[in-house]
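Multiple structures are listed underneath, in structure tokens.
Next, two complexes with chain A in common: one pairs it with chain B, the other with chain C.
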Partner chain A sequence: MSTESKEILVGESSQAKPEKKTIVLMASDGDEFVVDVDDITNQSEMIRNLISDMGGTDGLQVPLLNVTAPVLAKLLELFNVSNKNDDDEEVTQKVKELMEAELNMMIDVLGAANYIEATSFFDLSCKVLADKFKGMSVEEVREFLNIECDFTEEELQQIHAENAWAFD
Partner chain B sequence: MDYSRVDREGFLFSSLPPSSRKGAVLALLLLLLLLPLSEESKHQIWTPGATMMMGCVKRVIKARIPCWICAFIRRTCETIIPGLPDDLALRCLAKISHGYHGLLECVSKKWKRAIRSMDYAHIKARERWCGDWLFVLGADSPALWHAYDPDADRWHPLPRMPGFTDDDELCRFSCVSVSNKFLVIGGCHISHSEKRCSETRSLMVFDPFKKQWKVAANMQTARTDFACAVISDKVYVAGGSNSNSPEGLATAEVYDPDADK
Partner chain C sequence: MRFHREGDCSDILREKVADTTKERAMVKRRWKVSVAAAAAASFSAAASPIHSLDDGCLMHIFSFLTPIPDRYSIALVCHRWRCLVCHPRLWLRVENSIRNMGEPGVFPNLEAAISAARPGDTILIAPGLDHVACNIQIKKPLCLIGGGELPDDTVLTCSRGSESALEFLSTCKITNLMIRAELGCCLLHRSGRLTIEGCILQCEENPLDYLSFPIMSTANGCHAFPQPVKGHGDGVTVARTRIEGGAKAVWTSGNLVLQRVRAIYSRTSIFFWFEVAEQ
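Presenting the complex of A and B:
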């Protein structure tokens, strides 16, 4: 386990009122992230349920076995943006930027968001990814996701015929 | 032996995309099963010739097995979106409206299966992501409906109605949309190939989630040119005519889509 401990305070309010409750999230590689309880429960249903099951937040450490430190850091950063803005515009933009820059990271963040049951954030990110496909041609989608085309020429033509109008 | 095990594991893992790790674990189990077997046989047949042969066999196994195992794993364990579990990928794709489905189906076999799967239909139905559909029956293909997706600004054909061929035509029918379904009711089924025209009692229902037609409960009487409306999720048909009463029908019927009655 790494001894390094990173501290990320989610939400500016936590700096103004230091007495606010915090919990520790542990990434799979042992890195610890200190987050504001209100800010994380605002997003993650899993942690909200966990806190209510445990009956409090005192010294609570949540190990997230499926989430590595860089992914968790990115996820918390995006939560932070989401919590600061009432509308989804800003965070949508940030997710979009992440997708363009590092697709793999974005997909890992998506998986992590699902893991901690951050439903609204997950849906928003899904939408960003889905919208990306809409503006693309078949070849572009394949290239974007690094997918091999396993159709033969005839099979492709058959699908084209079945959906003839869609390719006009 | 330990070294070669590590070597094989290393080869397997390094040559695999991260998405296939589940498959790699499976392959590892397979390999671990293989290893004790070869070890045992080596002790039993302890002659120089046999050892040499074993060595050859092992070299062949080492060179060949990982290749085909990898190929097999790639084929069976490929994910829809690399790096994302398939259930999440499906939820993602379910946000895309029907006008794009033809496009997405062309990406790969896996994608085609996914878009046409019942899981996909279920997610769409559960989340009520039906999208808007405009149904049009064109004159150039009189038995084939086309759908317009305003979100995608695209047209695409629907599957053929059950019981219709290229030469068939449906006219003087009514259609309505009720509780996320599209209903085509009654009318006159013209078969150009058989030179036949029959008035029909039939009710065909298109489900936009499953993208399938279904034949539902018939009307009591065949009707053409009749009135049709939806009132509080029930379909009312009234009037019209058929060959038995060319002067017009004075009856009305009601259809409940939930009960299919």
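Presenting the complex of A and C:
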């Protein structure tokens, strides 16, 4: 209990940090990432809860079984951007660019953010992704995300008929 | 060891062969191909990383889309997306239980839900409660659904002194609802296309007032702009709906007329199918 409250103090007084506390995140392929405790608990609810459950950060290793090393690296890089900027503008811009360039990677990053409960980052990325296929036709969405159509012609017609009321 | 023939690679052999990275990649690829082949019939998990996201994730993404047109078009993408995008979790709900208050998408009354709804949204009205609907104007395309097993589980009551329970100025759909008007009419149709499916419309049995009609339409059918496709103008479509009381079932003051009427007489009531459209 006492160690926990001390940590919160350290987190709040940003000027006088004696030394940064770190924990180790382990990707699914065994790669280890050393991260600053404040930086990660700022973002991830899961890790915040984990630390408070464990009663400290000493030698803490968090295995993330669903997250591969490249995805985790990208996620941490984006957390960094987000931590450095108070408003979301910078990180939104960055996520937008990455969605453009490496969509598949970003989809995995999105899944990872959900997994470690990085709520605000997850929200923001979902919004960016949704914006990407806003206004696209069905075929465009399928092509954009490489999804196969698994409907039969009859099923498609049936859905059209069900939705007909909404279209003038 | 390396030059094994295709088709004779037992598991042990494969393990040994996989020593060099090149061959490991080959085995990996073969494994991938076989998994993909097995899955391809129903689910294209291997093809698209978007399928690796869980349902909650996808629904969160969909929640940022506007119902019309985006949610309707992505419902046609694949089976899984259709299930998720049409899921009641993305609907608005009218409930007045304290328990769910404050949850996103839950509203204490129909008026609040309608004003918060976006065009194309679906509003689910909880059964077993007293819902009051007096002159509620609907100006955007919405779908109202009664949450009960049967339409009379969810009753909207329009008290005396109101012209109508619901007034439609836009294309809308109502289904599985019972609408009871003590005086006046149940549904007042001003414009747009109104679809009524599996509902009960109930008016005063012996109306003194000549304004008591289950459905009233003042729509003119003619638009400032010519409609590109025939049959896409104003109109009312009624299906599988019980109509009780009122001076007559439908009253129109515009130039729409009653058409294609069908009725099924059951022991206790009559179910109607008809259209009100331009002739």
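By definition in this document, the second predicted complex is superposed on the first by the 129 of 168 C-alpha atoms of A that agree within 3 Å, B and C clash if a C-alpha of one lies under 4 Å from a C-alpha of the other, contacts with A are read in each partner's own complex, and residues count from 1 in each chain.
To be clear about the criterion, a residue touches a chain if its C-beta (ideal position, glycine included) is under 8 Å from a C-beta of that chain, and two chains touch if they have at least 3 such contacts.
In this text, all values refer to a predicted model and were calculated from it rather than measured experimentally.
Visitor: Does the superposition put A:Gly135 against chain B (first), chain C (second), both, or neither?
Guide: After superposition on chain A, A:Gly135 lies in contact with chain C alone.
Visitor: Should A:Asn104 be classified as contacting the first partner (chain B), the second (chain C), both, or neither?
Guide: Both partners, chain B and chain C.
Visitor: If we overlay the two complexes on their shared chain A, which of chain B and chain C does A:Lys127 touch? Say first, second, both or neither.
Guide: Once the two structures are laid over each other on A, A:Lys127 reaches both partners.
Visitor: State whether A:Thr152 touches chain B only (first), chain C only (second), both chains, or neither.
Guide: The answer is neither, since A:Thr152 touches no partner chain.
Visitor: State whether A:Gln61 touches chain B only (first), chain C only (second), both chains, or neither.
Guide: A:Gln61 sits against neither chain B nor chain C.
Visitor: Give me the intersection of chain A's contacts with chain B and its contacts with chain C, in residue numbers.
Guide: 104, 107-108, 110-111, 114, 126-127, 129-131, 133-134, 137-138, 141-142, 145-151, 156, 159-160, 163, 165-168
Visitor: Can you list the residues on chain C that touch chain A in the complex?
Guide: 40, 42-44, 47-54, 56-57, 60-66, 68-70, 72-79, 81-82, 120, 141, 143, 171-173, 192-193, 195, 232
Visitor: Of all residues in chain A, which touch chain C in the complex?
Guide: Contacts found on chain A: 104, 107-108, 110-111, 114, 122-123, 126-127, 129-131, 133-138, 141-142, 145-151, 156, 159-160, 163, 165-168.
Visitor: Taking the complex as given, what residues does chain A use to touch chain B?
Guide: 104, 107-108, 110-111, 114, 126-127, 129-131, 133-134, 137-138, 141-142, 145-151, 156, 159-160, 162-168
Visitor: Show me the residue ranges of chain B that touch chain A in the complex, using the header's touch definition.
Guide: Going by the criterion above, the answer is residues 81-85, 88, 91-93, 95-96, 99-112, 146, 152, 154-157.
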